[in-house]
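Look for chain A in each of the two complexes below; its partner is chain B in the first and chain C in the second.
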Partner chain A sequence: MAAQYILNGFVSGMILALPAVALTLVYGILKFPNFASGAMLTAGAYLALIFNVYFGMSLLWAAIVGSVIFAFIAVGIDQAVFRQLRDRTSITLLVCSMGVSFVLENIARFIFGNGARSYDLAIARPKHFLGLRINNEQIITAVTVIAAMIVVYLILRHTALGRAMRAVADNPSLAAARGIRRESIVRWTWGITGCLTAVAGVLAGMDRAIDPLLGWNYIVSTFAAAILGGLGNPVGAVIGALVVGVVEETSTLFMPPNYRQIVSFAAIALLLILRPQGLFGVARIKK
Partner chain B sequence: MVSYLVTILSLVAIISILGLALNLQWGLCGMVNFGIAGFFALGAYTAALVALAGGGTFLATLCAAIVCSIACAIVALVSLRLSDEYLAILTLGFGEVVRLVVLNEEWLTHGSLGLPGIPRPFWNWIPEDQYEYWFLGLLGVVILLLYLALERLLRSPFGRAIRAVREDDVVAATLGKDVVKLRVKVFALGGVIIGIAGAFHSFYMTYIDPSQFSAILTAYVFMAVIAGGRGSNSGLLLGSVGLMAVIEGTRFLKDFLNVFDATQLSAIRLILIGLGLILLLIFRPQGCFAEYRLKVKKPAPEPRKTAAQTKTSTT
Partner chain C sequence: MTAPILLRTKDIAAGYGGGDIISNISVDVEEGKIFTVIGPNGSGKSTFIKVLAGLLRARVGGITIKEEQIAPLAAPERVAKGIAYVPQEYNVFANLTIDENLRLSTEFLKRDRRATGEQRERVLGMFPEIATRLKLRAGYLSGGQRQMLAFACAMMAAPVVLLLDEPSAGLSPKFVTEIFDRIKAVNETGLTVVMIEQNVKEALRIADTVLVLVGGATRLFVPASEIGSTHDLHKLFLG
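Let's turn to the complex of A and B:
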């Protein structure tokens, strides 16, 4: 019984891993926590819904097309909004990302209304394995997230782009001195962010119904995951997401299931008191 | 029409009180509070529960102020060793926690059904048909008192110290200011004001449910503060009046835009709010009214420079 909860928690943690990594990448480069992350997830879910339900594509293709388009949308949002605010404080960017979040969420609400939608997906019987019940959706989620994480890891570790991204995150002026163009790195980061968040939107939409508040339900947990891993640390964010997922899911054994986000909040608060740099972060000296 | 106007003005007044709190926390001390809706709900429910239990409206307001202030102080204390972004995340999380508790602890809050029949202050003393006007007047007095107190605070040594913390906490600490204490104090003080706003919201509505405290409220308050000019209390008051004029004005759009249903119209309104927030931050971050600053007397005209000195200073 407990094993079932841990498995479920692992899979919901995997959905969290994508926006958490996206959040942490943007934080690394632009040094602000992107509050629009939840609304971006919602927008990604709806974008795939359009291709899936209205254009009749299979969900896989809808997700691929949707996430690629959303990557461009994310870059567009950056160019239109955040680029104008590059030299401002992180708090200004934060407040601004809240504005972006309202716009995105309500565009979705304007087009699709408040009602819940779902993807056009064949329902499959859950598989049983070692006494555990495994849904088809859970397998899809696990495969997608693991693949996405491997791709992101390879990009960050083994490509020129990844090295440049890490360099800019580490020390922007030194990176600039070495001839790395920050603006181009920022655009790539938003592209990756948009793509990951949109994929997370599709997975979240499969897990529960799609409504304008879909992403909002994940936002506290996403922040918990990213902080747990130490903001700016992508590998930490993945581990943080898995921990948050398992803790939230097992907490339903002795707490009402609606209180999952409270568990995440308590985790953030405790961690910030005891170990502010995150579980895997290194204490940094400011300024 | 007059009663409609009175209703709108009462809502503006409550948003303004919240704005004064955010202006203190964020505008003056640089501490972002994304959980305003949550703290507001906490205040409103505290006041409602105390008042419904027969505690009287004065005690209810007091309790709301105390509870909110303690909650704010705790959240500020948790994040005090960290940079401002963490406080923002924590306050957002706290807002969600309040919302979930209110929704789920039905024995206390009746969940999504809400709490009806909240008593109003001085209800028995005033004729019912004049009560709305009277309540608006009461709100006006509360705002005036808060405004005067905050303006006084702003110009006091304490006010200068908290603005120094906002500008650069390291410098403030070097100058012997206890940054942690100042920040917690300011956040708790903001909590007192939010609690008062919550209590008045309960009294005004006489019925509260969780849907009244959505995150949109937080956006409204931020917008009012940004539009009015961060740090300027009088700007904030004008900002919230202007904001409400826009929000309420767009309600009349439905007469011209028959093709959209109610959900779409409210979505349009919220898109406009979001866009407004972004555009203000990009094009007019200082808002419409400048913050109060100590005026430096014009320096005495410098003694005339010799030609040689002018030359060296220009090179």
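Let's turn to the complex of A and C:
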């Protein structure tokens, strides 16, 4: 039974990994925690819903088209909102991202109402392996997230864009002196962020009903995962997400499931007190 | 016989916030020479070199390189024009490897300025202490080795002028002489060097021309050989 909870926790953690990496990328480049991550996840879920339910696309194609479109929307949000406040403090940008969050959430509410919706997805029997029950959505989630993380890792470690993103995160003025245009890197960062959160939205929408508050179910856990991994550290964010997912899920063995986010809150509180740089924060060289 | 003028500033003024930190600075930097800016703390040396690098815009005045006006250009565009800048601190990407630092030094420049394999080998040949540790994160290098990596990165784009912001700052005395010897060796390849420096004795050892800045204004602009023989630095610095 415990193994089943751990498996479920890993899959929940995988859904968290996408917005956690997105959060940490934005933090690394722009130095503010993007509170709109949850609402961006919700918006991504609704975009895919439009293509899946109203245009009759398969969920795979709806997710691809929706996430590409949302990548452009995320860049548009940056240009319309965050760019105007580029050199302001992280607190100003955090508050601004709260505003973006409320706007996105209420656009979804205005168009789709408060009712719960779901994707047009065929119901499949769960599979059984070594006594574990694995449903179709879990397999899709695992494959999608692993593929997305491999792509993000390859971009960050083995492409000129990834090197430039890490360079801007490390030392923006030196990056400028090396001919790297920060604004171009910022746009790419928002594009990748939009894509990752939209895909996470689709996976979340497969896991539970889609409503305008969908993202709120993930926002605390996403922050916990990113902080656990050390904000600004994408690999740490993935590990943090998996840890948070497993711990939240296994905590339901001891407490009612609707209290499981207490674990995330407790993790954030403990880390901020004991190790504010996160579990993997020490690996970064400050100077 | 004087060399042609590579870099020229004409009556430039710049600063942060309301007031100017430097004003009316006009200098000519000859091609293939070492031009050094010295002065007491707070005299505007770092501001001057940041203006040349494009990290701070001149409020008035002009900057030309090979007679082409570059004052309106931002830092990345000046890099494309052949200006390489090595900051005093944080002059390498500490969380990236040496190899990644070297790649990034030209990866985002126009194709004609990107380092060829031959250029990379030539630069690594000049800095053998980093050539054998390409996979090491730059943050793990010592201060002197970081400075070498910063020079190497600047050299990768085959720049026309190298701007150095206090290259000996924070280095142990053992490394200081070595750093200045390396700068001279780099200059002897034909590269023009503009350097600001607190270590006046070492800087004057290799410099061709000297600008003495005091209170953000030009106190003296002469060949380096004249300093010491005809000018008293203490008087110049303290007014």
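Just so we're on the same page, the second predicted complex is superposed on the first by the 282 of 287 C-alpha atoms of A that agree within 3 Å, B and C clash if a C-alpha of one lies under 4 Å from a C-alpha of the other, contacts with A are read in each partner's own complex, and residues count from 1 in each chain.
Here is the rule we use: contacts are C-beta pairs under 8 Å (C-beta built on N, C-alpha and C of every residue); 3 or more make two chains touch, one makes a residue touch a chain.
A quick note: this is a predicted structure, and the numbers were derived from the prediction, not measured.
Once both complexes are superposed on chain A, the partners chain B and chain C fit side by side without clashing. In the superposition on chain A, A:81 makes contact with chain B only, not with chain C. Aligning the two complexes via chain A yields an angle of 90° at the C-alpha centre of chain A, spanning the centres of chain B and chain C, rounded to a multiple of 10. Within the superposed three-chain model, A:160 lies in touch with chain C and out of touch with chain B [touch as defined at top]. When the shared chain is aligned, chain B comes close enough to touch A:35, but chain C does not. When the two complexes are overlaid on their common chain A, residue A:130 makes contact with neither chain B nor chain C.
By the touch criterion defined above, A:94 lies against chain B but remains apart from chain C after alignment on the C-alpha atoms of chain A. In the superposition on chain A, contact of A:2 is made with neither chain B nor chain C. After overlaying the two complexes on the shared chain, residue contacts for A:170 are found with chain C alone; chain B is out of touch.
Of the two partner chains placed around the shared chain by superposition, neither chain B nor chain C is touched by A:122.
Of the two partners chain B and chain C, it is B that touches the larger number of chain A residues. Nearest C-alpha atoms belonging to chain B and chain C sit 6 Å apart in the superposition, given in whole angstrom.
Across the two superposed structures, the residue set of chain A contacted by chain B and also by chain C is 286-287.
The touching residues of chain A, counted against chain C in their complex, run 160, 163-164, 166-167, 170-171, 173-181, 284-287.
Within the complex formed with chain A, the residues of chain C that make contact are 53, 55, 74-76, 79-80, 85, 87, 89-96, 100, 103-109, 137, 139-140, 153.
Here chain B touches chain A in the complex through residues 30, 32, 34, 78-79, 81-86, 88-90, 92-94, 96-97, 100-101, 103-104, 170, 215-216, 218-219, 222, 226, 261, 263-264, 266-268, 270-271, 273-278, 281-282, 285, going by the rule given at the top.
Only residues 32-33, 35, 81, 84-85, 88, 90-92, 94-96, 98-103, 105-107, 109-110, 113-114, 216, 219-220, 223-224, 227, 231, 256, 258-259, 261-262, 264-265, 268-269, 272-273, 276, 286-287 of chain A touch chain B when the two sit together in their complex.
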